[in-house]
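Following are the structures in question.
One chain, subunit A, links the two complexes that follow: it is found with subunit B in the first and with subunit C in the second.
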Partner chain A sequence: MGEFGIIAQVLVNGILFGTMYGIAAIGLSLIYGTMRIIFFAQGAIIVFFAYICYWFFALLGLDPYLSLILIIPISLLLGMGFYFGLFKEAAALEDKNISLLIAIGLMWLVENFMAVVWSGDPRTVVTAYTSWVLRPGGLNISFTRLMALLIALLSSVGVFVFLKRTLIGTAVRAASEDMESTTLMGINPNWVNAVTFAIGIGLAGTAGVGLATVYSFDPTYGFTFVIMSVIALAFGGMGNVFGALLGGIILGVLQGLGAYFVSPTWADAICFGAFLLVLMFRPQGLFGKKE
Partner chain B sequence: MVKKSKKQKMKDEKLAKHPFNLLKSLIPTKLTRNHIYIIIVALIVAAFATVPSFIDVDTSYFAYFLFLCFLYIVIAQGWNVVAGYAGQISLCQNTFFGLGAYTTALLWLLDVTKTGYYFDPVLMVLSGLVPAILAIIIGIPLLSRLRGDYFAIGTLGVQFSVTVLFLKGGAFTKGADGLHLPSTVFQSMTPYYWTGFLLALFAIAVVYFINRSRIGLALKAIREDETAAASRGVHILKYKVFAFAVGAFLAGIGGSLFAYYLFHINPDSVMHLNWLFFPILMCVLGGNGTIIGPIIGAFFLAAISSFGDVYFAQMHPIFSGLLIILVMKFMPTGIIGLKDRIFSRR
Partner chain C sequence: MANQLLEVKGIDVFYGDAQALWDVSIHVEEGAIIALVGANGAGKSTLLKAISGLIHARKGEILLSGKSLSNLNPREIVDRGVIHVPEGRRLFSTLTVLENLKLGAYVPRARSMFAESLERVFSLFPALNTRIDQKAGSLSGGEQQMLAIGRGIMAQPKLLMLDEPSLGLSPILVKTMFELISALNEQKTTILLVEQNIRQALKIAHQAYVLKTGEIAMSGRGDELLANEEIRKAYIGERVSKR
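== the complex of A and B ==
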């Protein structure tokens, strides 16, 4: 495999992993749309579901992809629960910093809870197909990464269809444009917020399964993950489902290239630098329209 | 007006000569609320200043606890200026803290200023100024272009970039291993107690004077409504950058004090996310945007983490997370806000 082949491989890996950032970013984007906060706990919750997936696998012997059938409803309910349990009062307040701080508190709680329950050691889900590798045109694509890509694409299409085709989805889109007018049209803001939370956490659940099968993870990994998702979100522009996914892919590729050409630690610095530049000069995102 | 009888006059004079009334005439006739506050503050300061004469600072855990409280007060007031008064959520306070610690360590190890180094005022002021200058450099572009959440995530980007720079600093910062200060100079905890105490007083004084001045008024106006403040002629960028720099300065001198305590400076210890979350937690617990709130928060948090360390080690971060959620849910204005809520309830 020549130089070109390696770069192609780096690109493919970047795309495959970037979709993980992408689905986390879609969740952040939806929650930002209606609640106007960055939901910092997203990363910790993704890792939490990775652990749940690990438990289903290690204790019950459940196949990770099969456990999606359980994890998706659990995560949807958990999202609703989070909204009604924690954010309902704060969402009605003018001061959005309170919701933001609740999210930070939740992140801290979940992260340390995982550190106590599952200890700080990295975990992996190793199944029979973890080592399967597909070789189209000289590239190595591991089966689990491809599945993660597939899950990410399916769930983002699902969310997109839900937002475009259903009445609740329309309400969510309307609320992210203008919450006040939407409320005046007779839509209950609590239900809109609860639905966005449910979808956001649901996406975190699917991302968690993808993460568990591909990478080893530990409790503190969530924070890195949410930061990367925020960067993906900034690349794609707030409130844009496919923009967020594309932003994640761009970020994944950028990280991969940076790691290959410079070094893995500097790759992160390159991502943050690009992120700051995008924030400064295109705050509406790379694909957003200028307001 | 009724003329007083001679008898009455004599009685008054006699009463005025009474020792008790003579004494009373020395005190201002009207003991205003301000006088009471000054007396209370003076008593509290005197109480903390006499602590070292009652307990042995070197061996007592209580003295260490107070040192921790003082350190927390300094960094909490730093965040209070940026977020509580100016309303800008800065998520790179730990960077400023770490930068202050690294400034102290590097100037000491590279032998730059030729002053005493150990508890050297020059070094501590420089450790505050370096983060403040960084805050001005990054604050002007960030604060002029980004608002609210975008500013928060922008500072997060700065934070990670700087941490990576220090991790990859090569021979200059010694990477992840960090710098070792000559720990042989350590003799006693007493200077730590006094320096911490003075720095805490300094931080409180800074916030007090900002609060009373036109700057504080401008910052509060920006926090409440930026557009309205701008239309009233407040130079928004100038004041925001000022608040950001003051916050960085306080975090930096806090970092310097911690560097003297730790002697081993590495990115994982001084740029840890705890140094970002603790000030936030202390401010919101006590009451953001007040002078006394962060002080109460600092004592509260130090008490909880010390108690937690002793009785359920490793579990207490869970409680702090839970605590932020509960406080924000049930009393979003903090412990200070409780007073208003109790008195306003009829």
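== the complex of A and C ==
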């Protein structure tokens, strides 16, 4: 494979992995919209669902992709549960730092829970198709990565359609603009917040399956993941489903190119540098319009 | 005496430790336009927020057709037909005109009457009909105010509370706006109107209350207050004497 081929491969890998950051970022963007906090637990919850997928596979022999049928409803319900159990009281407060602290506490709780239940050893889900590789035009595209991309795209489209086509989705968009004004329409802020959490955690569920089938993971992996998703969010700009997805893809590509042209150890530093530059010069995101 | 739609009985309202309303009582007769006037910071918007349940009164009672609203949340109050169109319009600017109107009819009671309400809004504000797919933020100031009121109408209001509907509009649009409010009232919608444009408000109001630093300073028929020397001096000033 020539130089060009390798770069094309790096780009493809970046895109494939970046969509994972992208769906995590969509969840962050939605929760930020109504709750006004960065939901730091998102990464840990993605890893949690990777473990659930692993368990379904290891204990019940359930195919990871088939397990989505269970994981999606479980994650949606868990999202609702998190809101009503942990955030409902804090959401009504003026001071959003309380909600932020709860999110950070939840992250630690989930991380430690996973360490206790599944130990700190990395896990992988190895199926018959884990090693399948497609070779279009000399590129190597692993089947599971392609599936992860497909899952990410389908969930983004799903969320987009939900936000655009349903009344409660419209209410969620309205609430991210002006919660008090939605309250005056007779829309219950708790219901809007709970639905937003359900979707955010639902996305974490699908991302967890994508993660489990592609990478080995351990309980602490989520923190790195959520930081990367925050960067993706900053690239894409708040409040834009496809912006967040695209932000994730850009980040994935940047990380891949950094690793290839500089060194893998520098790749993350380059991403953080780009993050700061974007926040400094384009705080509305790469695609957003200036306020 | 006609039916009392809304009765506010001696409410005290606080923001934290700061008292904003002191023993405020008002009566809104069914089918009337009631104006609430006074200087900036007199507590007019606070009173509307207390009625719509955004803040709770620490003392006193608020009754709608004799039933207490005091322990209800904003959703339940909207469901009973008390609709608050807030100051500054508070439209969802990234949503389309139609989406804004749909959310106006969110509560089940209003949702079932969506088509009728929409027709009523378009007959009152034909300009909105041609812009249903446009983002609310792209409308002109006058159109935005119409959309804000239209969104309120979508909720099938028994009592429509309008906070500063003429704010930021050109003099011609201000006139149109007051005509529209009268037209709306003729269609049997009871209106509680908060206005800085005191002269216009008193002209169309059947009854008016003057709020001063959180207390009711005066009340009476609109035309009575309009003729009142004190009101003219304090709130209307030169503009009336030149008339």
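In this section, the second predicted complex is superposed on the first by the 291 of 291 C-alpha atoms of A that agree within 3 Å, B and C clash if a C-alpha of one lies under 4 Å from a C-alpha of the other, contacts with A are read in each partner's own complex, and residues count from 1 in each chain.
Heads up, the rule we're going with is that contacts are C-beta pairs under 8 Å (C-beta built on N, C-alpha and C of every residue); 3 or more make two chains touch, one makes a residue touch a chain.
Source: prediction; values computed, not measured.
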item: Partner chain in contact with A:L93 - subunit B first, subunit C second, else both or neither; value: first
item: Contacts of A:D178 with subunit B and subunit C, given as first, second, both or neither; value: second
item: Per-residue touch tally on subunit A - higher for subunit B or for subunit C; value: B
item: Set intersection of subunit A contacts, subunit C complex versus subunit B complex; value: none
item: Parts of subunit A lying in touch with subunit C, wherever the complex brings them together; value: 167, 170-171, 173-174, 177-178, 180-188, 239
item: Parts of subunit A lying in touch with subunit B, wherever the complex brings them together; value: 32, 36-38, 86, 89-90, 93, 95-98, 100-102, 104-113, 115-116, 223, 227, 230-231, 234, 265-266, 268-269, 272-273, 275-276, 279-280, 283
item: Sites on subunit C touched by subunit A in the complex; value: 52, 54, 73-75, 77-79, 83-86, 90-95, 99-100, 102-104, 106-107, 110, 151, 155
item: Subunit B residues within the subunit A interface of the complex; value: 83, 87, 89, 141-142, 145-146, 148-150, 152-154, 156-158, 160-161, 164-165, 167-168, 273, 277, 280, 284, 314-315, 317-318, 320-325, 328-329, 332
